[in-house]
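Here chain A shows up in two complexes: once beside chain B, once beside chain C.
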Partner chain A sequence: MIWPAAESSSPALVGLGRRALRALGPLAITLAVGAGVLGLSGRNPLTIYALYLVQAVGGWSRLASTLAAATPLVLTGVGTSIGFRAGFFNVGLEGAVYVGALATAWAGTVWGQLPAPVLPALALLLGAAAGTAWLVVPALLRSLLAIDEVVTTLMLNYVGIALTTYLVLYHFLYKTIGNAQTPPIATSAQLAPLVPGTSLTAAAGLAFAILIGYGLFLRRTRLGAEVRTVGDNPRFAAAMGFSARRAAILTMLVGGALGGLAGGIVVLGVTYNFTAGFSTAPGYGYSGVAVAVLGRGSWVGLGLAALFFGALASAGGVIQLFGNVPIALTQILQGTLMIFAGIRLVQLRRRRRHPATGGETDSGGDGSWR
Partner chain B sequence: MEVILTSGLLATTPILLAALGGAINRQAGIVNIGLDGMMLAGAFVAVLVDWHTHQPAVACAAALAAGALVGWLFALPITRLGANEIVAGLGLAVFMPGLFGYILPIFFNQASTLEPSGIPGIPILRIPGLASIPGLGPVFFAQDPITYFSWLAIPLTWLLLSRTVLGLRLRAAGHNPQVALAAGLPLAGLRELSTLIAGLLAGLGGAQLALVSVQLFNKDMTAGRGFIALAAFYFGRARPLMTAVAAVVFGIADAVSIRLTTAGLPDQIPEMLPYLAVVAALVVVAVRRRLAGANAAGTATVTS
Partner chain C sequence: MSAEPATAAVHMTGIWKRFGAVQALADVGLTADPGEIHALVGENGAGKTTLVRILAGLERADAGSVDVNGRRLGPHHSPKEAAEAGVGLVQQHCQVVPGLAVLENLILGHEPTRLGLIHRRQALASTRAIADRLGYSFDWYAPAETLGLGQRQRLEIVRLLWRRCSVLVLDEPTTVLTAAEVANLFEVLRSLAAEGRTVILITHKLDEVREVADHVTVLRHGRTVGRIPRQRLDLDELARLMVGELESPPVRQPAALGEVRLRLRGVTTPAGEPGTQALRGIDLEVRAGEIVGIAGVEGNGQAELCEVVVGLRRPASGTVEINGRSVDGLGTRARRALGLAFVPADRMEEGVNPLGSLWENVAAPQIVAGRGTRLGILDRQRLREQARAVLAGAGVKGDLDLPTRSLSGGNVQRLVVGRELQQPSVVVAAHPTRGVDVRGAAFVHRRLLDLRRAGSAILVISADLDELSQLADRVLVLHRGGIVGGYAPEDADPARIGLLMSGVVPEARP
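Right, the complex of A and B next:
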C-alpha cells in the first residue's frame, strides 16, 4: 500500500521525523532532475530555482497566489488520502473535479437571481453532490463485487472528461465565444478575491478547515478510528466488527464530494465558467493523488504537499516571463515529483493489500500484488 | 466501410503495440500507466533520427531503443525504490510532454511541433497479389511494415508468455511473487525487463504514429493512445488475443471518432467507449466469478 502500517503506531516524534525525511527524498530527486535538465540546456539551476522561490513566496500577492493554487489541491489531496487511510486507492477525483465543476457552473448561471452568500454555497453543494454521484458506481462495485477501484476510477476519469466536453459542446455552450465553454456565472456566484489581483478567495479558508477536519475526524471520532483500522489492520477491523464495505463507500464518496467541491471552487473563484479540459496537466485530481502520497496521510503533510504543488503551479505560470525558460519546465518538475512521490529510501516491510474486502484486487491475473 | 476499416487498422497499430507491451508488463506485475509517455518518446526520436539519417528503418530502430530506455528508467523507481506504479505512471504522462515542451523551444526553436521538411516517411508495403484481392486486399495487405509487425506481435506475445521459460518467469514475477522469490528469480529485474519490453513496443507505436500518415512530431500527438492501450489490456485481462481484439475495436472506434469530428458530430461518445468497456468487462467477470463460486460452494461467497 502507500504507507507502511508501522508508521501510524510509532511514537509521534519519531514518526514525524521519519515522515519528513521520506517526503524530502522525492523533493530532492525532483530538484536534481530539474537541475540536470536546466544545466544541459545551458541554464543555471540556482538562478531559476531562486526565481521560482521569489515567484512562489516573495511578497504578499505571490504568497496569496500560491495559497490560491494550493486550495483545490488541498481538497483533492484530502479526498484521495481519506481513501488511502482506509486502504482504498481511489484515483477518481479527476473525473469528480470535472462533473463537479460543470454542475457548479450550471448552478452559478441558472440560479443567477439568488443573492451572493446563498448562490455560491448552493452551487458548491451541487458540485460536491455531482462529484459524490460520480463515484457511487466505483464505490458500490468495490464494496459489493470487490472490483479493483484503481481501474474503475481511472477509467471513469476519461469518461468524465469526455462526457463534460460533450455536455458543454452540445447542451451548455456559450455561443458568443465559440470555445468549448459555458456562459459566465452570475456575478453573485463569484467568490471575491481576498487579495486584489489574485484568485485567493474564502475557498482557501474552507479548504484548510476541511484539512483540519480530516485530521480531527481520523484521530478523534469513532468512525475515523474505524476507517483507520480497516486500512491499517483489516483482520483486526473485521474481528472488531468494523465494516470494510462501509469504509469503502464512505471514503470513496467523501473523495468524490471533495473532488466536486475542488472543481466548483475553481469555477467560482478562478475561471468563472466551465471550460472543457480546464484541469490541465497534471490535473487537479491527479495532483491530489500526488499530494496524498507525498503527505503520507497526516493533515500536516497533506497541507505542506499541497502548498508545494501550489507553489510550483503559481510560480511556474510566470517563470517563462522572467527566467527565459519554457513554461514546460514546471510540468517536468511536477511529473518527476509524481514519479518519485511514493518512494521509500529506507525499505520497510511491505504490507499485503486488504484481504478484508475480498481477494480480487487484480483484473489481469490472479496475483495479489499491487 | 472499407475506408473506415483501413483507417481503423492504421489507428489501431500504436494502440495494439502499446497494449501488447502493457499486457506483458501487467503479467509480470506492473500496471503501466506510462505507455503514453513511452510512445511519445518513440515518436520524437523517430522523427529526429529520420530527419538526420533519412533512413526510416534506422528511425524505427532508434524509436524502439528510446521507448525501451524510457521504459527501463521508468521501472527503476517502482522496482528499486518502492514508488507507486499508478502515481508514477500518471507522473510520466505529465513528464514526457513537459520534457518535449521544454526541448522543442530551446533546441529547435519550435513551440510544440517538429516538422522537418522532406523527410522520408515509412512507406506503405503492398503485398503483391494479396493486395489486389477485391474488398479485403487493400484493407489488410496495403499497410505499413510496422502495422504488419503489430499483427505478428500478437502470436509472438502469446508465444513469449506461454511457451518460453522467460515468459514463465515473467508471469511468476507477476502472479506469484513469493514463489518467484523462493525460486531465486530476480523479481525486480524481471519486472524491469517487462517494462523495457512495454517501452520498446510503445516506442515502435510512436514511430508509426509519427512517420506513416504524417512525418512530424507534436508533443501532444499521442492524444491519450497510451491510455486507450491501458484500457485494451485491462479489457483483455492481459491476455494477448483478447487484448488485441480490444485494441482493434478501440482503434476502429478511434478512427470513427476522428471521422465524426470532421463531420461536426460529437466524437466524445466513441471516445468514452474503451473506458466504459473496461468497467463493463470487470463487472461481467466479477459477477460470473461470484455465480461460479456460489454454484461451487452452494452458497454465496460474500466476504466482509
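Right, the complex of A and C next:
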C-alpha cells in the first residue's frame, strides 16, 4: 500500500522481471552445478566457462557452428511448444525425428537424378510427411478417446528408434561399410554449408522463419487463437465452442512434421546419410522438450533456449579436444537443464488437464506458461 | 421464553463481514442457550456458513463481538481459542488423514501420553466410552479412509465430545446422510442437548427444523431476519422469512409471445456420475419474448441443465431444439451459430479466459464463428474496435490488451454479459448477478429485459427469488434433477416456493 501508484503503473514491467527470473533461474543453477563439478575436480570454473563462451560465439565460424547446432533444436522446440501451448504434452518428436530422417535419406538416395533445388525440398517434404504420419495415431487417440498423449508419444519414440534401426539393417543397409547406415545421399540432395567448415546451411534460415511463423500463427490467426484459448482455459474454450479436438490433432501433427523436418535437415546438411541411433545424448526430440519448456512458449524464448543448447553442444564438442575438459561436463550441464525441464513439465501437466477431451479438471494455476 | 439469560452458550452480536464486493454478513446476531438445539436456516449464500466459521475462529469478522459461555473471545480469535472455549465445528465434508487408523485420527493432536509415549489403552478407553454412549461403533484400528461419509461425521462428533466441546456446530450435516442416519443423528443431538450442551444446526431443510429445533435463527442475504422459538414455529412463515417477501414485479410490457425458440423434451442425463445431479425427464419451452426462470437450491441440476442446452453435456435421452430445429447432434459452436448465447455460472472458468486480453475475450465468439477473420488471419483492427464498443456499452473500463484476470469479478460479469447479450435468439443465463454489485445487477437485468422486448427467448437460472420474480414471466422449480412445480411471479406464494425448493411436496404438508 506504500507504492500503489508505482505498482499499478508498471505491472507489465514487474511481470516481465518475474518471468525473466523464472526463465533464467534454471540456467543459473545449472551453471552453478557445473561450476561445483569443475571446482571439485580441481579446475577453475571461470576459466572453463570462458573457454565455452569463446568456442560458442568467438568468431564467425564458431558462431556458425552454434547456429547450425541450434537449427534442429529450433524445429523440435517449436514442434513441442505448440502442443504445450494447447495444453497437450506431445513428447513424441524424437520418434518423428528418426522416421523423418530415414524418409529424407531414402528420398535423397533414390531420387538422386532430380536437380539440386528440387531434390532437397522434396526430400524434406517427405521427411515432414513421415513425421506427421508418425504421430497420427497418438493424436487421434488423444482427441477422440482422451488417451494420455504423454504415454503414447513417449512409448512411440522407442518404437521409432527401433523400427528405423531395423529398416536400415534389413532393407537400406550401405553394405560397403560396417556401420548401420544407409548409402550416402546424392550430391544434389546435400545442403551446402554457408560458412566453409561448418554445417550451417540454408536450413537455419528455414528453421528461424518457422520460429517467427509460430509466433505469428499464435497471435494473428484464428487457429492460433483457438490453440491458445484451449491451452489457457479448456472450460472457457468449450463454452465458447472452440474445438479442443481440432487443437489436439493440429498441434500434435504439426509437432510430428517439425520433428520429421528436423531429422531431415540433419541428414541433408550434416550426416549425408541415415545412421541408426544418430540422435543421441540427449537427442534432438528430447532436447526440443527442454527448449520448449525453458523457452516458455514465446518465440523469442524458444529461439534463445535453442541457441543456448546449440552453443553448449557446439562448444562442448570442440572444447574436449584442447581444453582438458571431458565431454562429460557438457553432458552434465545438458542433463541438469533436462532435469529442470522435467520438473517444469510435471508442473505444467498437473495444471492443465483437459476436461474437454476427457481427463480431470484442475482449476487454479497462474498461467505462468505464457 | 423468558428474556435471554446472562450466560448464553453462544452470543454473537453485530457481526459484519465482507468478501471483496460482497457483503456476506451485515449486523448479524446469533444467541443460543445451553441445552438447546438451535437451527440456523437460510438459502444458499445467506451467510450461514460464514457466521459459524467466524464463531469457530476460521474466519475473521470485520466487526462484532463473540461470547461463548459468558467469555468474550477476542475480536479476532484463533480456531484454538474457539476450541478452548468449547466450540467445535463439524464441517460439511469431514476430512480424515488417510493412512492413519480411526483411533489415531480421532486423537490426532491431543494424544494422551505416558512417559512420552502415546497411551493407546487410555485413548481407546476414553473414546470408546463416548462412542458407546452415543450408540456408535467403530473399527478403531481400520484405516480411516475406509470410513463412509456418515461414519466420518460420527467420528468427528466423538472427537469433539472427547475434546470436551460444549457447543457443537454442524454445517448441513444431513446432506451426506441416508434417512436412517439422519434419524439417528437427530437422536444423538437431542441426547447431547439433554446433557446441557448446545447444538447449532445449519440447514435449509424445513422439515428438519420442524423435527429437532428448539429455536430458529433465520438469515437472508447476510442479515438476521428472524429468531423464532419452537412454540411459535410455523413452517409457512419460516419459508417466507427465508425466501423473503417477494417484491412486486416491475411493470413488464405485456409480452407478445412468439414461437417456441427453446424446447427440451424428456431430457434425462445418466445418473451416478460423482459430483453431478442427473436430470430426470425435463420438459421445458421458452418462447420468443419470454423469460423463464429456474429456481431451486443449488446442486439440484441447474449446472447440468445449462450444459445440456449449450451442448457441453450429452443427454442419455430426450431432445433439445433451438428455433424449432433439433440440435442433439450439434456441438456448442453450431448451437451458438443458431443464435444461442450463454452466461455461465462460473464466470472465471467458463465465462472468460483470465489469461487472455480483454479484446480477445470479447472477440471470442467472432473468432469461433470465423467472423472478423480473412483467410484465417484475424482482422485485429476490426475485432479490437468491436471489442472496444462492447466494453464501453457494458461499462467496463480498462486497456484492451490487459489480461482479463486484472478485472474485478463484477467487471468480468459485465464483460461476459456485454459479449453474450448482443442479438441472441436464445439466452441461457446462470446466476447472472451473483456477486455483482447493485449497479452491475441492474445493468444485467436491464439487458435481459431489453432482449425480452426484442424477442429473445431467455432462460434464467438463479438462487435469488427476488431476481426471478423481477425478471421472469414464469418460474419453474428444480429439485433433484426434475421440475417439481412452477408459478407466475404475480401470484407467487413464498411459503409454497420455499417448501417446493426444500423438497417438501406442498400437498403433503401438514
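The working rule: the second predicted complex is superposed on the first by the 331 of 370 C-alpha atoms of A that agree within 3 Å, B and C clash if a C-alpha of one lies under 4 Å from a C-alpha of the other, contacts with A are read in each partner's own complex, and residues count from 1 in each chain.
Assume a contact is a pair of C-beta atoms (placed from the backbone, for glycine too) under 8 Å apart; a residue touches a chain by one contact, two chains touch by 3 or more.
Quick caveat: nothing in here was measured; it's all calculated off a predicted structure.
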{"item": "Touched partner set for A:339, first chain B, second chain C, both or neither", "value": "first"}
{"item": "Per-residue touch tally on chain A - higher for chain B or for chain C", "value": "B"}
{"item": "Partner chain(s) touched by A:275 [first = chain B, second = chain C, both, neither]", "value": "neither"}
{"item": "Touching partner for A:238 - first (chain B), second (chain C), both, neither", "value": "both"}
{"item": "Chain B versus chain C as contact partner of A:222, first or second or both or neither", "value": "second"}
{"item": "Contacts of A:104 with chain B and chain C, given as first, second, both or neither", "value": "neither"}
{"item": "A:146 touches, of chain B and chain C: first, second, both or neither?", "value": "first"}
{"item": "Chain A residues contacted in one complex by chain B, in the other by chain C", "value": "238, 243, 363, 367, 370"}
{"item": "Sites on chain A touched by chain B in the complex", "value": "2, 37, 41, 89, 91, 137, 141, 145-148, 150-152, 154-156, 158-159, 162-163, 165-166, 169-170, 238, 243-245, 281-282, 286, 289-290, 293, 325-332, 334-345, 347, 350, 356-360, 363-367, 369-370"}
{"item": "Chain A - residues contacting chain C, complex", "value": "11, 220-223, 225-226, 228-229, 232-233, 235-243, 363, 367, 370"}
{"item": "Interfacial residue positions of chain C with respect to chain A in the complex", "value": "310, 312, 331-336, 342, 344, 346, 349-356, 360, 364-365, 367-368, 370, 373, 376-378, 380, 406"}
{"item": "Chain B residues touching chain A - in the complex, by the definition given at the top", "value": "23, 26-27, 29, 31, 33, 74, 77, 81-88, 90-103, 105-107, 171, 174-177, 224, 227, 230-231, 233-234, 237-238, 266, 268-269, 271-272, 274-276, 278-279, 282-283, 285-287, 289-290, 303-304"}
